[in-house]
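Take a look at these structures.
Heads up, the next two complexes both have chain A, just with different partners, chain B and then chain C.
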Partner chain A sequence: MFKAIVSAETLSSALDSVSVLVEECKIHLEEDGLRIRAVDPANVGMVDLSLDADAFESYEADGGLIGVDLSRLEDIAGMAESGQLVQLELDEETRKLHAQIEGLEYTLALIDPDSIRQEPDIPDLDLPARVVLEGKDVNRAVTAADMVSDHIALGVDEAEEYFYVDAEGDTDDVHLELTADDLIDLEVGSAHSLFSLDYLKDMNKAIPADAEVAADLGEEFPIKMYFGFAEGQGQVTYMLAPRIQSD
Partner chain B sequence: MTDWTEKYRPDTLSAVRGNDKARDALREWAESWDDHRKAVIVHGSPGVGKTSAAHALAADMNWPVMELNASDHRGKDIIDRVAGEASKSGTLTGGTSGRRLVILDEADNFHGNADYGGSRAVTDVVKSASQPIVLVANEFYDMSNSLRNACKTIEFRDVSTRSIVPVLRDICRKEDIEFEADALRAIAENTSGDLRSAVNDLQAIAESTERLTEDDVVTGSRDTTEGIFDYLDELIKEKDAEGALKASYDVDETPDDLINWIEDNMPKDYAGAELADAYGYLSNADRWLGRVRATQEYSYWRYATDNMTAGVAASRRESKGGWTRYGPPSYWSKLGRSRGSRNTRDAIASRIADREGASIATARNDILPYLASMTHHCHNRDLTVEMAAAYELDESEVSFVTGSGKDTNKVESIVEDAEARREGAAVEHSGDAFLDAVRSDGDHDETNESTADSEPANQQTLAGDGQSGDDEDRSNSDADTAGKASDDAADSDAGDGGDGSDGQSGLGDFV
Partner chain C sequence: MGNAALRDIASIESIPFDELEGSVVAVDAHNWLYRYLTTTVKWTNSSTYTTPDGTEVANLVGMVQGLPKFFEHDIVPVMVFDGGPSDLKTDEIESRREQRESYEEQLEVAREEGDQVAIAQLESYTQRLTPTIQETSRELLRFLDVPVVEAPAEGEAQAANIVRNGDADYVGSEDYDALLFGSPRTLRQLTSKGDPELMDLQATLDDHDLTLEQLIDVAIMIGTDFNHGVDGVGPKTALSLVHEHGDLWSALEARGDHVEYGDRVRQLFRDPNVTDDYEFTTDLDPDVAAARDYVCEEWAVDADEVARGFERIEESLVQSGLDRWT
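Let's look at the complex of A and B:
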């Protein structure tokens, strides 16, 4: 049983943050909210999302599991005008999801969850450094780096205590330093890793400019990024494996 | 009902049956990967356990797997993005020191537009990878040379009946199926080395019967595809007409390709009268292929195949033996090699066609050969210069038509002269045009007429009697034009002259 009413914006931002990595996903319809976990086909990026029941206007669920084609569901959410509500209801008999926006009814065929790639376990990593910054700073760093390269180095300088972003292109370089004053918070630790900009760019798309993003970093280790949406009632964790430095 | 091939897929390398040597080589490759950092190509017939071995290896090494197989779209973008990223990135659990196994299944098969650029992209990924990659393929030589050279190679051989039977026996015991040993052996023999098919057959039979007996094994022999080289051997040396035709049903080539294979290899063994007969049948076959193309009636293919297989086999008069090195049809490589000169020829022909108002085919077949003999080796230099000027030929094109070397002084000087002549002609014409511009003012309609009249004069042809006639025409039309031509007309005239007199009205003519 699943029945929920949610604002189109909240639904869209939840779906967008998953669809940057995968085209199809499983949605757990837990009693206290939605949960989605997915890993991209290359096994390089992972997303873990939860959307609390409080983020909905109304929410009833009893722990079902559905598989959806994300772009279809996004299209439905996109039909709503700002401020409109989307009403979702699962038909257990036909295994279809009914979506209703004002007078518009849409019936979405679901995907067999068994046919979707297995959900990953979230690795338990001990990452020494933590950087907390605004979403717009992430955007600035990624956009600047993208002008010169396809990968980006993120790290923390332990001695001088600042967070840095390096992108080296064939001819041009970009370097950005953010000290504790520029950041919301900085826990210094040894950290330097290289990441694919393609992925960071996609993840950046889902990060609201005014969100507070916490990034955990390590030495040649994956990055973990946490941020909230829908007034903190939705949480997203992104994880991205580091690029191997080629000689 | 789960598929037994999935259910009993080996989850560790030591459970992979029938290819002990290859299996050990694969493990050895993985364990020493940090030293050599090369990708590996695992190749062999379908169903012998290549993909299973790759997955089992990953499980043994505790490496996460990224797999792309033929059910995914495998265009360049996807391969770059998915396989490329996977092969350059560390893992989510271990960071950059973590290993991931990238499995590219069916690496020899990239199909059509959906996979456009795929095989090229795979080569790039393999060369720049920082993670171990296994390429799984059926046909080793269907992969590009550069890809093969960049990788280690492990061959999986067909699984012997001796190795298949114990696998089937194990499954029967686990599934609680009674069986006769002969039944299992019959299944194993039927599938000729394909372990996956054997398991599938076993499952199919077990579903319909309680106790497996040899009589149940009536699935018959499986369709197999016959390799083209084996087929050529049979066609040319062994089979009679009927046998050759029937064997051709198992060959995975269209008649269009098959005729090339046969035509190229049959003369290596046939000689004399039998060769003549065989060519006769091949020419019949070719005519049928032509009819197929003309009518799009593909049922005619049967007559083409009859002729090229049964006909060739029936023409054989002496018994053949020994081993012959058959090769792929030279027709394709000839097409590839001659592409350059065919392009040059067509470029020249299209300019001749423009100029002479002929079709490209006419220019190529009826005009070009005459030009070639008229200007052979540039003996008639004036004519050659005139030709080069008229059709705006460059060095390589002049050399193509005349047969003289491209870099010779002779050809270079001809092209220079031709250019000078063209420029001279252009200046002459445009000079007149500007004169018109000074003197002219008048009626629009008539002007258009007169420019239209003067157009042929702008056109140089080899057939025309050259520069003098040209000038005569020209001055007549100038006389017409003078006094009447408006500024507009003068503009258009100038435009024509500047174009090197292409005989074609341009936009400028109507401004």
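Let's look at the complex of A and C:
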């Protein structure tokens, strides 16, 4: 059983943060909210999302599991105007999801969850450095790096106590330093890892400019980025595997 | 390429690539290469892989298409080539050519004598792989640091031996005969889109309450690469005959049938010509730039034709996967 009413904006934010990595996903309809975990086919980027029941206008579920084509569901959410509500109801018999926006009714065929890529195990990471910054600073760093390169180095200078972003292109370089004063918070630790900008750009798209993003980093370790949406009632954790640094 | 009727009795299930990550696969190189070679020749304009002096190296195009799949899934392929000279030095080409000519002569003799077993064996050695293809395939693998093992005879039998010795996790072959060579675990469809199939020897034997020797006898009755089966005997009949009579000879006797060279074929599977004298490391350090130069400069292959394949290999080398931390 699943029946919920949610603002189109909240629904879109949740779906968008998953669809940057995968086209289809499983959605767990837990009693206390939705949960999605997915990894891209190359096993490089992972998303772990939860949307609390409190983020909904109304929410009833009893632990079911559905499989969805994300772009179809995003299209439905996109039909709503700002501030409109989307009513969702699962038809257990036909395994279809009914969506209603004002007078508009849409019936979405679901995907057999067994046919969707298995949900990944969450990597066991003990990352020594933490950088807390605003979404718009993530955007600034990624956009600047993308102008010169296809990868980006993120790290923490332990001696000088600042977070840095490095991108080296064939001809041009980008360098950005943010001290504790520029950041919301900085926990200094040994950190330097390279990441693919293709992935970071996609993840960046889903990060709201005003969100507080906590990024955990290590030495040639994955980055773990955590942020909230829907007034903190939705939580997203991204994990991205590093590029291998040539010696 | 083996008898597809064996599929009916083999224990086969689909296995996702995720579960193969980090594994070592002893690939029947001839079998693998041949698939890419035929696809390339069929779908690619021959001018893209023909050198100015008219030598065709479609194998290089095909291999650059096929190899990324291993790298992307973090699988180490060990390419096991059918019997022949083992040294990769260019001054060995001549001896390899001589070897090939000698095989061809032997093949002619075998045809005159009607020796079906020898014909089948020799045909597989001489099939389509020109000395240039033999040499350039090995050389490309060398640049990419992909291990190569030279089998004394059938590559497939040697690959099975490597897995039995615990030096690789799977045999990679489309050929159902891999079971008969005692390959414990065989991956099929490594050259196709989608997930591979895992063919499990012990499960196959358990399913039908057979020993490997009996499975070989069943196969000989339905036919293998090296012999024609008994007319009118399919997998079901062969199974019940072996169950009832215990082995090939008693089963044939009971039916009043005969399999020509049955004894030799049986010997070939039971005691194949393989060696434990091989060596390889699985920590690969490919030189993609050198491989690209070799293919595009030295052998004048159209760079566009292989660009995507080399990019995929490069990408797999610079990007780690999250599973490393789970």
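The definition used in the following text is that the second predicted complex is superposed on the first by the 245 of 247 C-alpha atoms of A that agree within 3 Å, B and C clash if a C-alpha of one lies under 4 Å from a C-alpha of the other, contacts with A are read in each partner's own complex, and residues count from 1 in each chain.
Simple rule for what comes next: contacts are C-beta pairs under 8 Å (C-beta built on N, C-alpha and C of every residue); 3 or more make two chains touch, one makes a residue touch a chain.
Computed from a predicted structure; not experimentally measured.
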| item | value |
| --- | --- |
| Three-chain arrangement built on chain A, chain B and chain C clash or fit | clash |
| First (chain B), second (chain C), both or neither touched by A:Gly234 | neither |
| Chain B versus chain C as contact partner of A:Gly135, first or second or both or neither | neither |
| First, second, both or neither for A:Pro222, with chain B first and chain C second | both |
| Which superposed partner A:Gln118 touches (first chain B, second chain C, both, neither) | second |
| Chain B and chain C contact sites that coincide on chain A, given as residue numbers | 39, 42-44, 46, 120, 123, 125, 196, 221-222, 239, 241-244, 246 |
| Chain A residues touching chain B - in the complex, by the definition given at the top | 39, 41-44, 46, 120, 123, 125, 193-194, 196, 198-199, 218-222, 239, 241-246 |
| List of chain B residues in touch with chain A within their complex | 64-66, 68, 72, 81-83, 85-86, 88-93, 95-98, 100, 128, 130-131 |
| Residue numbers on chain A that touch chain C, as the complex places them | 39, 42-46, 118, 120-125, 196, 221-222, 239-244, 246 |
| Chain A partner contacts - residues on chain C that touch it in the complex | 16, 18, 72, 317-326 |
